[in-house]
Amino acid sequence: MKTAAPNTLVARGLIILLMLVTLLPFLSMLSAALAPQGTYPNGLQWPADPQWGNFVRAFEVAKMDQLLLSSALIFLGVVPVSVLVATMAGYGLAKLTTKKYKWLYLIFVFGLTLPFEAVITPLYYEVRALGLLNTRFAIILPLIGLYMPFGVYWMRAHFLNVPHDLTEAAQLDGATRWKEFLLVQVPLARPAIMSLTILLFLWTWNQFLLPVVLVQDPMQRTMAGALGAFQGQWGTDIPLLCAGSLLILLPTVLLFLTFQRQFVAALMQGAVKG
Amino acid sequence: MTETPSSVPGTSKPTRRLSPSRGSRKATVTAWLFIAPAALAYAAFVLVPLGMSICYSLLRWDGIGKATFHGLTNYITVLTDADLLQIIGNAFQLVLYFTVIPVALGLAVASAIRGQMAGRFGTATRTILFLPQVIPLVAAGIAWSWMFASTGLVNQTLKAIGLSSWTRGWLGDFVWALPAVGIIGAWVLLGLCTMLLVTGITKIDPSLYEAARLDGARPWHEFRYITLPGLRQEIGVCITVTVIAALASFDIVYISTQGGPGINTTVPGLEIYRLAFAHRQVGLASALAIVLMVLVLLTIAPVQWFTRDKK
Amino acid sequence: MAGLTLRSVYKNYGDVPVIKGVDLDIQHGEFVVFVGPSGCGKSTLLRMIAGLEDISGGEVRIGDRIVNEVEPRDRGVAMVFQSYALYPHMTVYDNVGFGLKLAGTPKDVRDRKIRDAAKVLQMEHLLDRRPVQLSGGQRQRVAIGRAIVRQPDVFLFDEPLSNLDAALRVDMRMELARLHHDLEATMIYVTHDQVEAMTLADKIVVLNGGVVQQVGSPLDLYNAPANLFVAGFIGSPKMNLLAGQVEQVTDGRLRIVSGAFSVWLDAPTSDLSLRDQVTLGIRPHALTLDANGPLAGTVHLVEQLGNETVIRVLLSDGSDITAVLAGQGSFDVGSTIALGFGDESVHLFGRDGRRVAV
């Protein structure tokens, strides 16, 4: 059964056009990154003598290895805890509470539209009062809280779709709620948990506002957060800046290309459900 | 009346599953134990600061010294000060670029390319179109800062097609800076919207199109009467995501224009940051923050309502 | 050794009563079927026995323990769900052994019990598979295996066959009967299918609207339905129910007039009097072709089943009856016909729908 799809050539042409538009900024950055340092390259042109050494220089100057480590530490601090806690809460709200407690869930949902800027100012004072200013925990702890609306929403949506008689069967088998959660529900929730992990990883790794406000030392920030300082320092050296930026966006792109299928699925579902 | 595995004809209502929880105190305690950690984190780092924001917004405070009660003066300032109003207006102007372009273009492209997304070509397309969503916004900002630079790709292209008179330093231009920032956002969100809409289209029953064609519908009719209604939810999602991105924008503006020239690209997100930490006007910053939050809610609510699932 | 007792069991959901005072005694080893239309409360009752629903009033005893407040896992019951409720991410082996694992049973004991149960159900070759790789019938066996392995006092089945196709249903019915015989266990079985009830049960409990209509053996229910509801529910095709009126009362004999015919019935213990409205019940299988029979009318539907013929006849007073006649008779739609019956096959129901002994 063939629906007469629009002209294939036009369609493919459009797609290729879109892909070009998407890739152009990357390409232009790449060509600039390869120009001799300190120069002002002319738009998009492949330099006669590609300076791959710029990347090495940017890596050293920005101390990318430490930045990588910092981002990784922040990710490890934020994401496992957030996913676990959101999964527990999602399960609790989906399976353990009745309609009477819907208000609790709605309080979480309210946070879904909350821009981080709305709370960044008091967060600063709160983090300062906790004595955590300028440490990675200044980013880790608030992020965990800020991810709860989405995480709880996400996992609750998953658990709502699990048939209830699975819980009852586990009850009859003698499982406590916690055992049922660990041994039955969590393994079953693996796809949802994976998607959530991917999304939270992306948001954490690319987080900018919190690091910039709450952490002065670029080495304690996320890679994206450090980019702000990097631009401040080396903004006039376009090739170096471009090389550094490309390096900074490389980790997520590489991970994305490797796990491309899971990322795409997560991003799409994340938008729809969020 | 043949012999059937008979039952008294009743309604085909499944057995009523009465209340899922056991309602006993023990069950409720267990539920709270599961929910507590998330609730605590949320309360500590979102709800409490939100409350603090509201408190601060009623004060006049520089963040260090004493605070004086200021009532609703800050809010009045936000709603009447010309600069602040322009800043809020900038955010809504960005909505034009962040939302209208990706959704409109996405719709057009999605309608045209439905059915082309299979196999390896489709995978490559998906991968590339999603790249802007995967990189940090500030990296996108830097990429486009370079594109918009006086010797950047945009000007280079204009010269190449003979429009040299149009070249300028885009991000420093009083008129064009904000649209330029808008283009950056449109670029970041275009791929996501297109993919969401394409996926949504594949969910539309193809026989609807066939029936329409038999009824004599032209492509425009198909789009208006089948594609658009069928994409209601996805469009709603695109609008919601892009509007929030526009109103709450910070990263892109910070890295590309720092809000300049003047305040022509300043957005509320950036201004809150500046007011609180550079100008030491915590009260005003908090009032602006609350107003921003309310604006987001007010803008999103109708969208959600209009595009809700009417099953 | 555990029987089951329900005393004045009530269940309310909010203000709405769903189970309205059920009394029941179940002996150890009995196969009891709860049957009734959708919404009659049979599943709710089963779940209350299992401990998955709270009991609003009355008491439930398993053995000689009151189990109202006891957790499901401690009641000594096991349940087979309508949708089987198998753990999708575990193999059959792990599914069956989950309860034992939770109870801390040593691995070798657990292994032996799982394999024994698998042997009983002939599913040893399935132990390494996942539920998604199994057919409906196989999944059902796993669900039953999970119940068997816990060696419960009472087995509970919640419409276990309703998700299977007709042929498989018949096979599984026989398997369940065999299982009951082999395990000698108490089984409570919920279904809306009266054929399943009739074929499997030692004792049937008919429920309607949360109230027990009748408890008895299948043949008791068939031969002496306690009220109109049971009369219409048990037996297929449905019993013919004709409205009538008492015209004469003489020495414990009643003359009932219905439509165009009348019949004399012995009812020594009835308290019916003249002009009382009653209902006569005659099963379709009890009607025979009789040229002088009292039920005369026109045939308007004929169904040939090979071994018997089902016809529907419109009587002269407008009422409609069904008859099942042996063999492959030829009847034309629109032709007239007369049917007769033995007086002993008539059921009499009083004004309140309850059976009157005849």
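Some notes on this structure:
Which chain is which? They are A, B and C, in the order written, and residues in each are numbered from 1.
Definition applied: a contact is a pair of C-beta atoms (placed from the backbone, for glycine too) under 8 Å apart; a residue touches a chain by one contact, two chains touch by 3 or more.
This is a predicted model, so every value here is computed, not measured.
The interface carrying the most C-beta pairs in contact is the one between chains A-B. When chain centres are set by their Cα atoms, the one at the greatest distance from chain A is C. Centroid to centroid, with C-alpha atoms defining each point, chain B and chain C lie 57 Å apart.
As a whole-number value, the distance joining the C-alpha centres of chain A and chain B reads 15 Å.
The residues of chain B that reach two or more other chains are 19, 23, listed in rising order. Here chain A touches chain C in the complex through residues 163, 165-166, 168-175, 179, 183-184, 187-188, 190, going by the rule given at the top. Residues 1, 3-6, 8, 10-12, 14-15, 18-19, 21-26, 28-29, 32, 40-44, 82, 85-86, 88-89, 91-93, 95-98, 101, 104, 107-108, 111, 113-126, 141-142, 144-146, 148-149, 151-152, 164, 177, 181, 202, 205-206, 208-209, 212-213, 223-224, 227-228, 231, 238, 241-242, 245, 248-249, 252-253, 256-257, 260, 263-264, 267-268, 271-272, 274 of chain A are the ones that touch chain B when the two sit in their complex. Across the complex, chain A is touched by residues 17, 19-21, 23, 27-28, 30-35, 37-39, 41-50, 52-53, 56, 63, 109, 111-116, 121, 123-140, 142-144, 146-147, 149, 151-153, 155-157, 187, 190-192, 194-196, 199, 206, 209-210, 213, 219, 233-234, 237-238, 241, 244, 247-248, 250-251, 254-255, 268-269, 272-273, 276-277, 282, 285-286, 289-290, 292-293, 296-297, 300 of chain B.
Remark: chain C residues 50-52, 71-73, 77-79, 81-83, 85-89, 98-99, 102-103, 146, 150 touch chain A in the complex.
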